[in-house]
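I have a structure I would like to understand better, so I am pasting it below and will then ask my questions one at a time.
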Amino acid sequence: MTDFFLILVGTALVNNFVLVQFLGLCPFMGVSSKLESAMGMSLATTFVLTLSSVASHLVYHLLLAPLGLEYLRTIAFILVIAVVVQFTELVVRKTSPLLHQVLGIFLPLITTNCAVLGVALLTLNRSSDFLEAALYGFGAAVGFSLVLVLFAALRERLATADVPTPFRGAAIAMVTASLMSLAFMGFSGLVRL
Amino acid sequence: MTTPSLGEVSRHGLWSNNPALVQLLGLCPLLAVSSSVVNALGLALATLLVLLGSNVAVSLIRHQVTGTLRLPAFVMIIAAFVTCAELLMAAYTFELYRILGIFIPLIVTNCAILGRAEAFASRQPLLPSATDGLMTGLGFGAVLVLLGGLRELFGQGTLFVGMDLLLGPAAAGWGITVFPDLDFLFLVLPPGAFFATGLLIALKNVIDDRLERRRLERQPDRPREHRRVRVTGTIR
Amino acid sequence: MAERFDFPGGITPPTRKARSTRAPLRTAPLPRRVILPLDQHAGAPAEPCVELGQRVRTGERIARASGLISAALHASITGRVAAIEEHALPAGDGRRGPCIVIEGEGEDDWLTLPSLDWRQAPQATLLERLDAAGVVGLGGAAFPTQVKARIRELHAIDTLVVNAAECEPYISADDLTLRHFAADVLEGARLMARLAGAERILVGIEDDKPEALQALQAAREASLAEAMPVEIRPIATRYPSGGERQLIKRLLGREVPSGGLPADVGTHCHNPGTLRAALAAVRDGVPLVERVVTLTGEALARPGNVVARLGTPIGELLHFAGLDPRALHRLVMGGPMMGEALGELASPVVKATNCLIAATRQELPDPPPEQPCIRCGACEEVCPASLLPQQLYWFARGREHDKAERFHLFDCIECGACSYVCPSHIPLEQYYRAAKQAIRAQRREAARADHARHRFEFRQARLAREQAEKEARRAARKRAAAPAARRPAGGDTQGTAPAADLRGLRIAHSAATAAERKAEKALARAAESGEADPASLDDLETQLATARENRQAAEARLQAARDAEEKPA
Amino acid sequence: MSAALPRAMGRAALGLATFALITAGSVALTRALTAERIADNRQASRHREVAAVAPAGHDGRLLDHVVSRPAAPAFGFESPVSLWQARDGERVLGGVVPVTAPGGYSGDIALVVGLDATGTITGVRVTEHRETPGLGDRIEARKGDWIEQFTGHSLANPPAGGWAVRQDGGGVDALTGATITSRAVIAALHRTLQWVEARPALFATADTGETP
Amino acid sequence: MLETLLDADLVVAVLALVGLAGGFGALLGFAGERFRVEGNPVVENIDALLPQTQCGQCGYPGCRPYAEAIGEGEEINKCPPGGEATIAALADLLGREVKPLDGEAEAMPRVAFIREAECIGCTKCIQACPVDAILGAARHMHTVIADECTGCDLCLEPCPVDCIDMLPRDAGREAIPLPAGPGHRPVLPTPAWGAALIASDRPSAPEEARHG
Amino acid sequence: MSLMHADQTAPRRPASTAGVMRWLLLATLPGIAALTWHFGWGVLTNLGFAAVAGIGLEAAMLRLRGRPVSATLADNSALVTAVLLGVALPPGSAWWLILIGMVAAIVVAKHLYGGLGHNLFNPAMVGYALLLVSFPGPMSLWPGPDGLLGPEARPLGETLRQFAGLTSLETLDALSGATPLDAFKHKPEALMAGEFWAGTPLPEGALTAWRQVALAWLAGGALLLYKRVIGWQIPVAMLGTLSLVATLLYAGNPSHQGSPLFHLLGGAAIFGAFFIATDPVSAATSRRGKLLYGAGIGALVMAIRAAGAYPDAVAFAVLLMNFAAPFIDYYSEPRVFGHPAATRGIRADAGEEER
């Protein structure tokens, strides 16, 4: 139990994907100017990240590893991810137009979120079992969602700030991310993974 | 979509639509691997190759693949290129391969690559696509190396240390120590990566602003073109 | 004194009322000329019903109400209509508006209405009288009293609240009204209570007005025989306990719902001045042509309260009170919290003018420059609506209107308590006022755009129908021309396509019919509820017309297809 | 509809399979062509690391002499140890032990420790770590000479209690600002030396233990 | 070369991935067919944000076609009647950058007004008006229903006798300006009493005080 | 519009932003005095140079941004930032350290965002955290409590040399260079809390000195509360949560954890609760939000103190909660008058999936 908790805290905060590990930065910068969108994106990412982390785990341990094809893992994983995303989108669009309204534009973006592939590859490195893989994916997603949503709220406040012209927009967002990452340094050493 | 001229494609890739500074794509490798010039240069080269290859390949098959299969097909092409690049690096620049580590497979999801494939190569013929790949890759690489230099110089006080990993023993002596006792961890650590990128973006804004102002001085006002469609018939 | 209920927030600025309460109530001299704006009440402006040069008597109607919410206007002196023209209004932004100007004859020749016994007269007569006398609320919003009194038709009222709080600094008009006419005010309250169907009267009065309180109590004692119970409840002085929502909360513990009216919680709230005016209109047949105005401020030598005719130029009134123009720095109509700073002395006293402050520079200095908000939260602590003024400020400044609305901008009563305490001297309520106005404009534009879209769709549908009908006619003609034509060979393979087509058209037709029915129902529902404004009814009509056109087009197409299909017998 | 579904599925399956064929084929081909070279690289790199710490005078065939030793959890070896013997002909000069130092600042630190037959350290190198750049990463030989200071020391030198950072009362200067990393490395070295002492026959003869 | 190609490893690799891809492809094909939806809700949302002036200044015949074009990647800054507000709303909806308007913003909302004395009743303007805001029959004078007119000025050009004017629409109550912000004093009316007594350092034009 | 203003009638609350800042500065005096008394001239060199750098940088930035310089400087906020950073740094820090910190605080954290009122993060703490991360060595070297005038006091001259960067505390005894939290954190793994205290590797009187300093800050905090410069919500929530967590930890494992009192008085908790966490600009703004915000800081401080790499964590905890503040603000609107229940958040329907 505590192990699971530690994995969650470790992946979500201490080794936060976005601010510490540098994964998933593009959607982090791109989909954070509005809180609403950020929430949609977090929801979508959490779902896809957990699912594809599990699926990749299965593909690796049931197909690639037994056949000695570890070197094909990148291709196989990215295939899994693309299909998971595409499939999710199709299903959501049909079954819940409302959810699609929220998640619609974000789902395709997730394919190119390197956090998704990153979590698949990192899970491998840690050679964890199935449950851990799922947890790892989920923890990473929670960490991603957390900072994305908080960052979006910050950026909304930023929109009314009197920022010097050259720094308006992406530049000040980067500086803000920098300060956030500085704050996250405080977590360092909290959980050793 | 009309085919833009090669010059325009180049200008877009290198400056006005630079993937790293304007589109904010490919940020993960940009920030993660820019702590020194060598790492940056290594990843820049790998990315450039993959970008070029994938743009060419996607452009070639652009009429064959459509619909739901497009995304999986594109990423598989990219993944194939990346894996090949990874294998080749392992075979020929082993040390660098070890340093870049997880970020080589992650080139697959470097959003800039899929972004270019989707936005450009899948709609344009071979030559512009290849140029776009090359120029975007160069633009991305330039920012990467610049950032690497900035962080290495002000974070550790050195420049070009360890170039031999990439360029062979001949480059072993290139490393220079500019500020001997400098150890400004902030720039070496993640926060510094974000901050330096922010500074570069601001710098680009300043330069753009200057250029724009100069351009305006030269030709003060552009006549407003009037294009208007009459609405008298039915739509749809 | 322990109060059972209270509203959140509030401030206690210095009251500065003593200056104007020392002197007894006086009557201002009859003005030689009055300027009567047509738009001095809430709702639509009145319409003039006099001609240029016509002689009018004091109390004669010169403009009539022009809509559901509007009020009549009466001549406040005897004389001739000298002009109907644009004139400076008593407003901070220097607005001008249409006014009737009456040149006086020097004498006061009254034209009053027959007096009524409010205990006997039927409700409808009383309401008519209030309407005819142009009585509006004198507590601030100048809302037509007659309209407000009709509340009974929609809500059950149990308590009539007399709002004698007079919470703003400087103002003492209600204080003096109560000191001199407490009995009238209570009788007026009984009148209004009867109209509203209330069972009791509750007077809320701040405890800084002991004389008024005494007068009220005496009047209450004197009328104990009346059936309607009257309760007088002094409350601790705190701004803005005179806001009706705040007062009702404080007296009764009831919270007027957001966007609702006091009537939603069974109350009805009136200012003492209004009650007196209502009584005068009914009992004496005197229309609303004069009111009590507080004249105060350090720049006046003889401050006090006066009974002034409406339309009296403000400058004249101030000179009567001994204005020292050199000392005058700021002229304010209303209180210093919610009132408006005026730019000139020529504008007239209107129905809503309860107070005129001629302040010196030391008294009401220029507001200091605004500084950045540091989110200290002082404003939040005093907001009587429990809003987050600091958040609203940032949203208003950033023009983030949907967020401002999400944070309940429209629950702000613009009391200015937040500005009063803000250490950064931000004129917060001005931001809110601007944002509210912008949002209203935006809503109007959005409604316009929607309507334009519907009109456009209607046109498209109309064109489509015309086209389809033309085609149907052509098909019919064709069939008539060649009735016996044989079907071409291989008709089977071709036959499937039109059949599928026909099915599609039939589906489209029934869909169009259903849409039409739906539009009809929507329109009927809106028309029935009686709450929709004309514009939205119009819009619904357009939508119905569009649906109709669509249905007709589908019919025509179906007909054309059938004609083409029709097998020769 | 009923016919369209299998058709669409078939078409999509075929399309994606074609792509898989092309992409996987080219990757597999590249891999087939480079596999040998990569393996060589790996071997060479390992050799370089091992050679850097091995006792001097060996015959250059370090990686050929792998010997296995059973796990010794008390000394930090959780699983059987495969170490490389440095030989000169039949004479065993010493060996190189791969050691994992747990409790680094962020994760385990992998080291190779070279020892001569007397149990004296002939060199230490960090092979893998995730310590902070600029702080903990100065344990790399490339970035500082901190790691060199252990060469020539043994269990008895410094004397008892010396194998600890100065802050804990030991005799080793920690890297400034990276005491945790330093502590982890020193503790691992100390344990390895104790292990070597507890197994005096470790490097004694060429054929002790099972050679794989 | 052929040897390499027929290498068992290689064949296994390719087959495995082809199988995987085939399976996934079928899955996608299934989903694509099974969960097909028509229409695009995004276009509806975009259309709702456009001003519905139907003027065609965006280069599309009406707002809806422009909405569809935006849905397919067209720039969002081409609608002059919408102005900055519409661009901002679109950017918000689509998560794109706000760009300056391509063209000139409308200064203020306007309505068409037909000088009825000059109208010859040619009905050309009726045909041009996208919202049926013009009333009239052939050879009778026409008039504009001001409440319905969107101010698109499409009726201007077809008119053979140039009898149509665009007049400013009264925008209801004047907008209340936001205060000037930090560093500025709130604007109060300039006192206009006893002009001789007022120090001359105030801005003398009352207009300024009113609007500034 | 409101033509009356509270400053005409000032009750207890300071009536202008400059006044607010002035009271804050006044309230730091007891703390500064106590620090100086125990830790010597270094406190004053820190403060002096930080103030000079702060005002200089603020003026430079204002001029660069084309804003009125002297009028804005008069709001005293740059001075507040300088003083707060100055007292947080180890006494007698080298000038370059202070300068880098002030640049981070005033230029990066404040003016890149638009100056007073616009910054998202607490400027002083940005400066402090940046220094802590970049220069862990110099930042963890506190001098021993040698006093200002006593026989062991560090002479002014030596402090000045240290300030000029000519000597460093590193050359002195390592153990004197530690705050109690620092020393406790870095005690060798095996040492139990009891043994640590028994052996007291801290110089005599260090704990007392720290306790007295904390109490002096408390006195300043009381003044701020009395003058209504700060609300009670943040300090109470923060110290309450901190004590609660510390008590739980201590009850669970008294042999390895510091006591609650140690956590309250041994570090920057009191100072942080009254002077740092209360920075209104970067904190949550609603009353309800402030409670959450303060509690978050308290919990984070304890989490990092108990398990993280840093001995004290007020700066990081404050920055982390600054990060969360706008989000908290969206979700902490009170029940508005006339509404049946509070409706919070930007979108009621999408608001739930967060965690």
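Just a few scattered comments:
By written order: A, B, C, D, E and F. Residues from 1 in each chain.
The definition used in the following text is that a residue touches a chain if its C-beta (ideal position, glycine included) is under 8 Å from a C-beta of that chain, and two chains touch if they have at least 3 such contacts.
Fair warning: this is a prediction, and the values are worked out from it, not measured in the lab.
Look at the CA centroids: the one farthest from the centroid of subunit D belongs to C. Taking A-E and A-C together, the pair of chains sharing more C-beta contacts is A-E. Among the other chains, C has the CA centre that is most remote from the centre of subunit B.
Distance from the subunit C centre to the subunit E centre is 33 Å, each centre being the mean of its Cα atoms.
Distance between subunit B and subunit D, defined via averaged C-alpha coordinates, is recorded as 35 Å. Per-chain Cα centroids separate subunit E from subunit F by 49 Å.
Multi-chain contact residues of subunit D (touching two or more other chains) are listed as 12, 15-16, 19-20, 23-24, 27-28, 31, 105, 135, 180. Residue positions of subunit E with contacts to 2 or more other chains are 9, 13, 16-17, 20-21, 24-25, 28-29, 31-32, 34, 54, 62, 130, 182-183, 186.
The set of subunit C residues that touch two or more partner chains comprises 92, 330, 341, 367-369, 371-372, 397, 403, 424, 427, 430. The touching residues of subunit E, counted against subunit C in their complex, run 47, 50-54, 62-63, 85, 130-133, 148, 150, 171-186, 188-194, 197, 206, 209-210. Within the complex formed with subunit B, the residues of subunit D that make contact are 12, 15-16, 19-20, 22-24, 26-27, 30-31, 34, 37-38, 41-42, 44-45, 132-135, 142. On subunit B, the positions that touch subunit D within their shared complex are 35, 65, 68-69, 72-73, 76-77, 79-80, 83-84, 87-88, 90-92, 94-95, 98, 155-156, 162, 183, 185, 188-189. Put simply, subunit F touches subunit D in their complex at residues 136-137, 174, 186, 188, 309. Listed in rising order, the residues of subunit E touching subunit B in the complex are 21, 24-25, 28-29, 31-32, 54-57, 59-62, 64-65, 103-104, 127-128, 130, 154.
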